[in-house]
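Listed below are the structures to be examined.
Here chain A shows up in two complexes: once beside chain B, once beside chain C.
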Partner chain A sequence: MSGGPAVQISIESSAEKQIQEVGLDGSETYVQPLSMSQNLARLAQRIDFGQDSDEEENGERSLPRENDWGDQDEEEGLVKFQPSLWPWDSVRNHLRGTLTEMCVLHDVLTLVKDKRYMHLDPVSQESIAPKQSQHGLLLVSKRKSLFSAAQILLKGGERLSKSVAENQENKRQRDFNSELLRLRQHWKLRKLGDKILGDLSYRSAGSLFPHQGTFEVIKNTDIDLDKKIPEDYCPLDVQIPSDLEGSAYLKVSIQKQSSDIGDLGTVNLFKRPLPKTKPGTPHWQSKLEAAQNVLLCKEIFAQLSREAVQIKSQIPHIVVKNQIISQPFPGLQLSISFCHSTNDKKSQKSSSDKMNPEDHLYVLEHNLHQLIREFHKQTLSNIVMPHPASAPFGHKRMRLAGPQAFDRNEINTMQQSEGLLEKIIKQAKHIFLRSRTARTIDSLASRIEDPQIQAHWSSINDVYESSVKVLITSQGYEQICKSIQLQLNIGVDQIRVVHRDGRVITLSHQEQELQDFLLSQMSQHQVLAVQQLAKVMGWHVLSFSNHVGLGPVESIGNASSITVASPNGDYTVSVRNGPESGSKVMVQFPRCQSKEVPKSDVLQDNKWTHLRGPFKEVQWNKMEGRNFVYKMELLMAALTPC
Partner chain B sequence: MEAPPVTTMPVSGGTINMMEYLLQGSILDQGLEGLLHRLRGLCDNMEPETFADHESVYLLKGQQASPFVLRARRPLDRPGAPWHLRYLGQPEAGDRSRHALVRNCVDIATSEVLPEFLQEMGFRMDHEFIAKGHLFRKGVMKIAVYKVFRVLVAGTAEGAEPLSLSYLVELSVVAPAGQDSVADEVRSFAEQLRPLVQLEKIDPKRLM
Partner chain C sequence: MGVTCVTQVPLAEGKSIQQTVEILTRKLEQLGAEKQGTFYVDCETYHTAGTNVGSTGQSGKLLYIMHCSEYPLSTFALFENGPCLVADQNLDVMMIKLKGFFQNAKANKMETRGTRYQYCDFLVKIGTVTMGQSGRGISVEVDYCPCAVPGDCWNLMVEFMQSFMGSHAPTVPPVFSSKHDALYTPADTMVQYMELLNKIRKHQQGTVTGMRL
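Presenting the complex of A and B:
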């Protein structure tokens, strides 16, 4: 480095000065840097003295102190730019603060000095007694400690009650499960989502009724703990469909046909006491049973109404609302009504009280239930598995119909099945006929004392047939007068009478026919009784006829007659008995005893005295004796020589 | 003798056109007990019955390409029961939304002279087999679980030997045409058997 000439290197700060202009020849003209004072002035210019975010500025402005703001307003006019950059910010703020203070002080002093607006007075200060404050402190501390103690106790109690509730909850859960188990033993249940549904319907028993019949099992465990648990509380409850609630029954009755059919279909419900639940059975059981009963009644009624509409009968069956009316016999009406009472009080109150218990045919109501069960059973037993397995379901005999070439009759017998309604009408007819027969016999028995009627009803009956044995006797002579024994077989439409000798007479359902028949039998009985008596007394029967062709014509049946002669043949007694005309008894005396017969010139010989004389009528009502046969016996005894 | 004209038109049974809704599946012999147990629980409350049937399939070839098929079945275990003649139509194509295989079907009960009658008509026997198994019922649904046996001596049941080590499960309903809700019923029942056996629409044509 020593040999080389020294090279001058000029060092210049880059862009120390601001370039104002670059000439075309490349020379630059610079802006002269600001002097110290100029710089200060520039910075001072930037300060915005007037602008402040404080709100008091506005308040101050409103005050009447323009004189103080004289120079400031000038400055404000200057400083309108650069609000964000405050190089002298703190200075400005302080200045401003001081100004404000000064203004306030000035105002206060003015106020105080003038005493025009305000007056200042010294405040009298009461000193708090030190003792009192101590008491207060004590109280506060005591309260605090008591409060904390109570807090602890409360917490403990809460925890206890929670655990008790939990225990009970668990217990109830267990109870619920055991109840559910019991429920399952009696009812079909299935789970659907988070619900448990049960089946009320008789579908599994063969019912074809389309009602769903589902009930829901409800868990009844979240009850209010504060309240007393009711005695019949059960953790399991069931919800049955609303249309199956309450109680229902079918009412069957037979009435004389009312001329007015205006009140059709308005059978009122009457209050029936709800069956008491058996002790030990859970209340859901009775609830479900009631609902099932409603369902069954509904099914029966639906079936009956369907049949009533379908069946063609001479007098059409009428279905109105909840009533089916049919005419089993002319002038008689059978009504089957479906009564469904919900549990609300209103419907029970409005029920009529004038129900006669006797116009209920409980037997038929029971039979209706029995019939529908039979129907169910039939549908179940009809279902047989087809063989071969590919064959369709159906009646086995029907499948045989083709291959075995059944004729129409055979097919008809297969298909023929009597409906519920037809069956129940037949039963009603029979019941009515039976009760009317009993009434007829009873009224005859009470009206007519001689001869007596005895009716022995057989206690074993069929639904369509029952029988009664009718004996006609005379009091005191039961042993010898056993002539008339009738067996009445009461059917659905007619009564068959079987005589002791095997004759069969068929009577229709008309009451009069039976009555007339019995009356004629009674009149015959009297004559037959005389015949029997004659045998016992040793008299001879000369003639006997059940149906006499002579004498006045009877309106009912025929008169019967008998003639008997005394053992020695002196006297003859002739009896004619008609159901209407009553009895007429004549006695024939021997010729010798009769005074009226004039002595004939022709019959001089003594032997002619044995000829029979004329008949004389006995004044029967003046005879002694309690009944006809007794009187007859007395008469015979009187006419028999000792 | 000239063969009578053969139609492949759907045959209607009487006045009502009956349809069979069918699902089929298969279960191994080991699984049979479990399936029967489940079916006993699901089906109608009646004693399950066993059956043993002999089925012969008859063909009548006409001018058309596809022959006319009739199935004659007789029970082996019930003497006196009628024979059963069955026509099954082609499965209804299309309609994938339907849950079961649907085909036309005609069922007739006949007397035992059926084979001779068919042969006189010009049918000839195509094949025969024996089906032995169990029969269940749930409402209108029929569930048959059976094993197919191969017939060794034509026309008799003696010496039949099982065709496979599994049972065929058939779930079928015969209903008038147009009752497609039946198919859903069939499907929902099949769902309940799903863990044990998978029942599906199986088109026999595709297997051939």
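Presenting the complex of A and C:
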């Protein structure tokens, strides 16, 4: 060994300090070396006290033995000098060891028992480490419990929000259903597949118009929840056919016939303000009503244009685009146009400025609607139930025509059904005639002051007939001059004038005829008024004629004349009044008063002076008085001797 | 619908039916009556057949089914001296179904056809009565439209009829006397026609040989 190379072997203690852990960077953390007490405690910890108790037991048991052996020890002490020689040497060694241990045990027990020298405390070496970990554990457990609590809360919140959303969804669903119920109350609905279709046609009311007129009910529930719900939000929406959208109306107007034929059939559209929806009605209601109105207007127009083509009239009706033109009277045209404005902005702007809505006859538009509804009703009543199984289909009166033996005339009157167009033309004629009559009377009343003309229109009219009472009076003498009272019955084509005395005069639709007639009546009135006045004043009517055959020929009617004599017969007043020539008043003086009459050789006698003298004309326009009758009264008064 | 009188006009001396009708119409037109299309009245005869006829011993009653252009939707079913039924045209179809009870005597079908004239309130129908193919006589119907009570207008009607028929104007028809003050009905007209046609038929059967046109 000494001959070999010297190898240095370094020896170091394996570790003075125990390594607790090696960090990821290689640094080592050491466990702090134990202090004395700690070391003791550790060592003490290693003692298995359970085992010790066994040993103690053994010790207890061996105690008497000890005592026994105590003596033996003393005896054996004598032979300790020859241990190896002693045959009981091993036994002695054992005993000795046992004794030592027994003594130690005894000491320890006394120490423990007396507590005078040492106080035993429960081992508290591990107490620090568990405390720290307990903190950690506490933290962890607290965190865990908090976490689980949070979990529960979150879950609950989630469930709540879900249920709220569901509620809203349900509510909207319920709104939809209630809206559907309301819709169902007003409109016919049916289910087709997964769609709900409605019917806005008038078919169930008797319409024969072939348009489908269906609309679709849409559920409008999937709106964005985050956005604000608009004010007029409705979970139910309707979709109407595109050709029924917007608003429509029929424009009926009567105009002077335009010489320019170029503007025929142009779309006279002006935007009519949409009727305000009644508060409380859902917007689908107004939408559907508008659509239904469009449909009805379409039907009316289709019916009218069909009739316009079919009906043979002297002047054919013209149907151009959306306009039907007819000539009720020569030089006059009735146009019925179908105006349909969609929500398209362009079409409204272009045509709105030209129109003047005044010439729109609302009455006729209304009547058109009424007529089509009557027509509907008629078709509906044809198939009224119950119906005898053996009888032919048709109107009930038609059914009874056989058994009740209706003759040809009756059947004809039943079958005769005037078309919509004919009726509306007749109504238009009447309306036109009525308004023109009113205008004629009014213009005469404002133009002519002396005999006053009053018109009393009856407030109740038929669609084809209305009447007006015309009174011709003089101001201030209404009570005595009531001779002219005319009843004008305005019909479709003519005006029938019923005189107070029962005479009936039929005037045509020409305006001039009525005017001339009224003028001649006014002129007659003056003469009649003089007659009445003469009665009141005590004068005598010598002659009276409504139609004088003498004098200048009047262009309108005839002149009328009257001659009245004063109460004592001295004076005679003769009045001639013509509608055109006006009035001419002449006074006849007694022969004695007139100076111009030359003395005749033949009439020498005084009695001849009582003969009537010549007539002299009164300068009527220089007379005082506000009107003819007043002037006449003054004249009569002047000629009447007191 | 007014009061109607149906009568027969005998042939003028030495004239055919056609000529007599022409004479009548000319007279009417001279009065100022306006021609208003044509008219017809037809009458079919049905024999009542079946079990009850023989047993009761009655010689089968005759049922007459009549149509008139004046009442185009009606069918009249009459028994001689019996009730008159007014029905719609479905009755014709029903008669076919009732073949077992009523048998159509086709040979006895009679008809009168002619022209309809209007003279103010009067309707005058002058027709030729035919049975089969041969003409048998002339019927004249005068209808006064504005009145419905026979007694009120009979004198007026007689006066009018005398104006174009002269001495052939009829005496009061039996229908009139029975309902003097009651309302006149279309069925009464048909009864008169039935009686007229029956009279002509019986007359023909009596004389055996028919008139030639």
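The rule we apply is simple: the second predicted complex is superposed on the first by the 452 of 642 C-alpha atoms of A that agree within 3 Å, B and C clash if a C-alpha of one lies under 4 Å from a C-alpha of the other, contacts with A are read in each partner's own complex, and residues count from 1 in each chain.
By definition in this document, a contact is a pair of C-beta atoms (placed from the backbone, for glycine too) under 8 Å apart; a residue touches a chain by one contact, two chains touch by 3 or more.
Fair warning: this is a prediction, and the values are worked out from it, not measured in the lab.
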**Asked** Which partner reaches more residues of chain A, chain B or chain C?
**Response** B
**Message:** In the overlaid three-chain picture, which partner chain does A:His387 touch, first (chain B) or second (chain C), both, or neither?
**Reply:** first
**Which superposed partner A:Lys191 touches (first chain B, second chain C, both, neither)** = neither
**Asked** Should A:Arg503 be classified as contacting the first partner (chain B), the second (chain C), both, or neither?
**Response** neither
**Item:** chain B versus chain C as contact partner of A:Ser204, first or second or both or neither
**Value:** first
**Request:** Report for A:Ile411: first if it touches chain B alone, second if chain C alone, otherwise both or neither.
**Result:** second
**Asked** Same chain A residues contacting chain B and chain C, which ones?
**Response** 390-392, 399, 401-404
**Fill in**
So, in the complex, the side of chain C touching chain A is made of residues 1, 69-76, 86-90, 185-187
**Fill in**
Interface with chain C, chain A side, in the complex: residues 390-392, 398-399, 401-408, 410-411
**Message:** Under the definition above, what is the set of chain A residues touching chain B in their complex?
**Reply:** 204, 380, 383, 385-393, 396, 399-404
**Residue ranges of chain B in contact with chain A within the complex** = 44-46, 49, 51, 53, 55, 71, 73-75, 77-78, 81-84, 86, 107-112, 131, 133, 135, 137, 140, 142, 144, 146, 174
